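You will see subunit A twice below: alongside subunit B first, and alongside subunit C after that.
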Partner chain A sequence: MNRVFWAILGKELLAFLRSAGLVAMVLYSFTIDIYIAGEGIQIKPRNVHIGYVDETGGGISQKILTHLHTPEFLPPKRYRSQKELSRSIFNKETLVGLVFDREFEKDFRQGKKAQLNVLLDATAASQSFTTLGYLQNIVLDFSELDLPVAIKTHKLFNENADNKSFMALTELLSVITLLIVILTAVVFVKEKEEGTWEIMLLMPVDPRLIILAKSLSQVFIVMAGVVLALGFVVFGAFHAPMNGSFWAFMLLTFLYSFSSAGIGLFVAAVSNSVLQVAQFSIIIMMPLIFLSGAWTPVYAMHPVLQVLSFFSPLRYYIEGSESIFYRGTEWIDLWPYFSGVMLLGALLYWYGFRKIGKLF
Partner chain B sequence: MADLEVHNVTVSYKKKVAIKDASLKANAGEIIGLIGADGSGKSSLMHAIAGVTRFEGEVCYGGVSYRSPKEAEQLKSDIGLMPQGIGLVLYDTLTVAEHLDFFADIRNIQKNEAFKTYRQKLLHMAGLTEFTNRQAGKLSGGMMQKLSLICALLHRPKLLILDEPTTGVDPLSRMELWEILDGICKSEGTIALVSTAYMQEAAKMARVLLFDEGEIIASDTVKALIDSVGNYTYEQTACENERCFSFDEHTYSLEPLHAPHTEPTLEALFFVNALQKGQTLPHIEIEARESQDEVPQVVMEAKGLTKIFGDFVANDHVSMNLHGGEIVGLLGANGAGKTTFIKMLLGLYPIDEGELYLLGQQIRSGKDRQKLKSKIGYVSQHFALYKDMTVRENLLYFANMHRIAVTTALSRINRYAKELGFEDYMDYFPHELPLGINQRFSVAAAMLHEPVVLFLDEPTSGVDTIARAQFWQILQGIKKKWGISILITTHYMSEAEYCDRVVLMKEGRKIADDSVKVLHAAHPDAKNFEEIFLEYYRSKR
Partner chain C sequence: MKLGVVKAYMLKELTELLRTRLIVMVYLMPSMILILFGYGIRMDVSHARTLIIDNDQSKYSRALTSKFEHSRYFDATVTQMSEKEALHRIKQATTDIIVIIPSSFQKRLLHGQKSEIGVFVDAAFPTRATTMESYVQGVILNAAQEATQNLGTPKGLIIINNRNLFNQAMRDEDAIVPGLIGLVLLVAPAILAALLIVKEKENGTIFNFYASALSKREFLAAKLIPVFLLHSVNIFILFLMATKLFDVPFRGSFTLYWLTSELYILISLSIGMLISVVTKRQIVAVVLTVIITIIPGFLYSGILMPISSMVGESYIEAHMFPVMYYTHILYDTFLIGEGLASAKTQLYLLILVFYALGMLSLGTLFLKKELK
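Entry: the complex of A and B
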């Protein structure tokens, strides 16, 4: 143990620091990539192009339009006929088109049911439907309906309902998954490519020690990247809340990285070149990330997929991390996530370990 | 004016100059030899002349001059190029006949009667007439090279450029390749530029260009070249001054020595050139090892080792043994099964059949090997070293793997660096160093734990003459001072002379196993080992 172990670990870290390309990739993934994900993936409407046709001569229609303002909407643009508006939507110049027909104002004033026609480009489904929700709210304000129910919202855990820090966190978790798998696989496959693998096999060293030291070195690199990402992006740029224990998150990340390193070991066992590592990693990781609920909530999936999602360690990791960050769950109550990550992790690492161990 | 004239051609890649100011002249029907180590600029010059790489300078062929690949385009139908590497231009799943049709089609050759006769003639010369329906992937290395050659000859090129066509090919096929080439050059009046790593082949060439570190150091007929260094070549004697080097029963010295002169070989030119350039060739002195491990009488004994890949028998019941304190050379062409055999000995490949005893122990499983690992040293083909660590870091890493105490490791590393002459390169990365230095430092890495047996897989392949000579001096020194056994594979038949015993392999089988003296005595007519092996190849076919 000890000396040989640290020699291998130190060598891997040195080799990593000396390969500019890998360092750049890891730095990029843990900073800019996460920043872009947080800043760029928007579910709320933003800069939506609105077009309208107004045949009423202004009044109520203009009052409604004044509610559509930046940053959600660009200033509404007027078209002379519905035909022109339709063409503009067809040409992707406009996302949402409003048509105030001749009867609109008259009906409104007379207290009849006034009809506002809305044309939506449903290819940009989420943006246009959220816009529709906005519109309904605006229209609701105009009607003098006296509903006996009033809604008072209390936003929990994420008071500003800001999804930037949420998206950034989800991206961070996906980056950790992908990087640990690729990095671990690459340290083994590079030896295969350069022919040093055979030299390593002939060393009077326990293969288990080599595997452990090599995978641990990559876990360290990823942990360092996580600290960077948290400091600069998640907390720094997006001011994510940290309601739970920071160390609980770090421990969960450490355990999770080890389990994903197991997938990396498996990938390394079956590939002979760095290119194959990239191909295998993506084939294996995509379903795992998909099933984890990172992109679609688990409860919204097909029942079969819901069952399968129990086997994605990323699912426990994401749910656990969210609980720590937003809900501030206590250590003791995190046990389902910890046990999920550890159980699946132990299985994956054991399998990968055996798979690569056979090559020794 | 000569038919082919090359004026001051320089080829450089990024910052590295591959060949500088090379000039040559050749006339129709001549074979010009390019001799030198890997990386000495042969391929670059050939690619420039073939018009497939950018270069400075000028090439004139048949009255047309060109300075760039674009200008050379008009001559492409006259040029035939065969790049380095066995079977590189062939398609594994196409048959011999399909290859000839394919190359005829892309060269747009009329398939008339004349072509058919010529095609038959080529097939006959290459000895491939009976194999026209065999897929290229299933041909032997020698047959692949012959097929590549006749594919390059199909359009009757007037300027034939062959980059190391014979490297790694068995001696018989090599001779046949030269016969084809000779016949074509005489009958078609073709100019052939041929590079080779084998000095013996120089005899077949009209003129020889010697390459060293990106320069042509000499260019003349073989006889004139050899005569030019006659004054510096002596029978082996003690060196009295710095500018002197002894190797293989010859001593080369720029200053007169009190010893009789002897007939030099072509190798002498490289030694004399190095001495004239003022390179000091460090005298290699190996000290005794620190540990006193007994070297057993029989270090390794293999009985009927067999390795099968799919339906290909890589090693067919190979038996041999290795005694204490001897250097055994495992010789054979590429694909003869040398590497497979060494890998079975080391446990890198599982043994399919047969028994293996290492250091007196029978090897049945990986566990039996675990204890022996600290007594075995191994240098793999291409010197596998960690590219992102310096020489010193690499050696320290290997020392750590062997759990050698830090102080011992440091003193050993420094001692080897001095003894093997790579002291000045300790803080460089392996890719920044010449092949010869990497070779020596790989050996140092394999010797750190003071093994009792060394396995070396093609350590001299691609290394220049001087580095090879020094490498053999190191091996002799290790054997003498350490008393350990060395098993070394090589495809240079001439290196057999430096071994105590030689095992010759062909197509996975052992065809000869005897001491150098006995082999020489059994073949009194043979001038060198090349010819002895040729006889073995002929008789066992």
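Entry: the complex of A and C
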């Protein structure tokens, strides 16, 4: 029995290694793809184009403008009239426009309330909103207000709010999900397409053993990919922190891959060709990924989506991984994630197992 | 042009789409992406779970905590918990923000001394952390300003009067949904088209084409026209979803939106077709299309980052993909409403026309009509 198990497992691994296209795809997903996501996706304001119209003598206005510096802002560009400024905003060349009108400096010098007009391109809502926040802080410094409070903020676990390692980690988790489902499904469907799956089931070997060995082989491939991605990209290129236990993460990943292999089994059971696998996996995976809280925390979602998200194993996996990497949560406090992944995983695996293991 | 043959081919394509249930993909995928992303992505932070540890319990500290309680950005709870316990709550991911008001807050305030308010933000999700931080600062500074106004008159105050153009309420839906249409109409047609030719290669039916009297151009037309027509319906479906479901305003001309979208679908289809022409296996074609379309589609659609903020390679790359031109026109028709009056829209429309022509001729160029 043991021998059969290892033979099937080895055969699947060998088949994987022999298909150059598949190996290249897996390598790409676990390295370059994650790198691009970490490097490319920045939501913080960066290089924001600022335009301004200055009808004052330029004393205060220039002082305010010098506070808008790189990397968040590009050097502010001067426009001759409000009309030119708004045309540039309408053409989406400028994100934020400042208008210092004649009254501005006069009022300020006289100690009256001076009004600074700001035009924001609100189609890039988050950038312009943050820019507004920056401006408010700058302006507050100017008003010689002696506020009686000082705020001391601590950004816990990630003091610089470094987004790169976070995006890379999130992408890694999505890649794991995508690959384990597609790879597992394809392994079974290829046999179905070639007609060898029936033969496998008719062999004097326990079908459960075959299914287990086949899906485990794909879990191994993904685990190897995870190690690569962690070493080269997440820790190597982006220096992600690891505040919790590395082995807790690996164990969680293993359990999660296993439960997602269950989804792969289900996909394999309902599709007859590789093409249908692609379709079904996209249709199943998209909701899974977007209900998981990878982009928006679950509690900020629409209430209906919040309930649905309980059924996404990725939700527990992502929250758990964030906790391990950044929050440094202890083993004991990780139980909700482990039990969520295991419970859903067992269900999915059991269901997929029954679906694919039946001959007719 | 052998119209009869082309028509027969088109009929065959259509039947195949129906029989293989690929038709489900044509209509299910775009709407699904729009709904999931539209409801799922929130850049804005609301209902951040906030713990306020009020060690002072005075009039002024209560004034500050009530500010938090009345803001829609925070779900504030005032407790007497110890700092350590509160930090443990953050570790369990059940709290996002802790605000600590020191014990002699009111006394020092009335004496004109500074007191320090401690704020702890869970930065495991970095961008949200930055946003939450600025919201907390905003609330506290606002409260402080009010308090000082009661104590004495401020001098030299600058007030920011901001006008949020195009999206006054700063709704996330308005900012995201048009960009999503640009993403959806790139990904869905491309994936479909990517399979059209490679499928025949894998099944061996491509030999029918090699042996038939059809020219390369007629073959491509017969392949693309049915899916093009099917996908054109999506333009209207997505429009209705955006305006009715997500309540995004539509300020521009519908004709411009419609025609540009048709053009854009043609481009997406020809990108997929180009992939289909050069690849040999279906699975490779699908994966390649996903890689080529989804990530650039996201990055350069303007959902995450305005194009004007890009520098270096990403600026050049953004100009190489069609997404940027299309989403510019999309945002214009939905939120801005300048239409063809703007020279930039005209230029971008022209670029899209040439893009479509270029992609189609590349496809014809690479397609082989005989065995090598």
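The criterion applied here is as follows: the second predicted complex is superposed on the first by the 353 of 360 C-alpha atoms of A that agree within 3 Å, B and C clash if a C-alpha of one lies under 4 Å from a C-alpha of the other, contacts with A are read in each partner's own complex, and residues count from 1 in each chain.
Following the convention adopted for this analysis, contacts are C-beta pairs under 8 Å (C-beta built on N, C-alpha and C of every residue); 3 or more make two chains touch, one makes a residue touch a chain.
Owing to the predicted nature of the structure, the values given are computational and were not obtained by experimental measurement.
Between subunit B and subunit C, the partner in contact with more residues of subunit A is C. Contact with subunit B, but none with subunit C, is seen for A:Leu14 once the two complexes are overlaid on the shared chain.
Applying the stated contact rule after C-alpha superposition, one finds that A:Phe108 touches subunit C and leaves subunit B untouched.
When both complexes are overlaid on chain A, the residue A:Asn163 reaches subunit C alone and has no touch with subunit B. In the superposition on chain A, A:Asp333 contacts subunit C only, with no contact to subunit B. Once the two complexes are laid over each other on the shared chain, residue contacts for A:Val307 go to neither subunit B nor subunit C. Once chain A of one complex is fitted onto chain A of the other, the partner contacts of A:Val186 are limited to subunit C, with no touch recorded for subunit B. Looking at the shared chain after the overlay, A:Gln136 reaches subunit C, while subunit B stays out of its contact range.
With the contact threshold set out at the top, not one residue of subunit A is in contact with subunit B in one structure and with subunit C in the other. Those residues of subunit C that touch subunit A in the shared complex are 20-22, 24-25, 28-29, 32-33, 36-37, 39-47, 49, 87, 90-93, 108-109, 112-131, 133-134, 136-138, 140-141, 144-145, 147-148, 154-168, 170-172, 174-175, 178, 191, 195, 199, 281-284, 286-287, 291, 295, 298-299, 302, 304-311, 314, 328, 331, 335-336, 338, 342, 344.
Partner subunit C is touched in their complex by these residues of subunit A: 21, 25, 28, 33, 36-37, 40-49, 89-95, 108-109, 111, 113-130, 132-133, 135-137, 139-140, 142-159, 161-163, 166, 186, 274-276, 278-279, 282-283, 286-287, 290-291, 295-297, 299-302, 305, 319, 322-323, 325-330, 333. Partner subunit A is touched in their complex by these residues of subunit B: 343, 346-348, 366, 370, 373-374, 376, 378, 380-382, 384-389, 393, 397-398, 400-403. Of all the residues in subunit A, the ones that touch subunit B in their complex are 3-4, 7-8, 11, 14-15, 18-19, 194-199, 201-205, 360.
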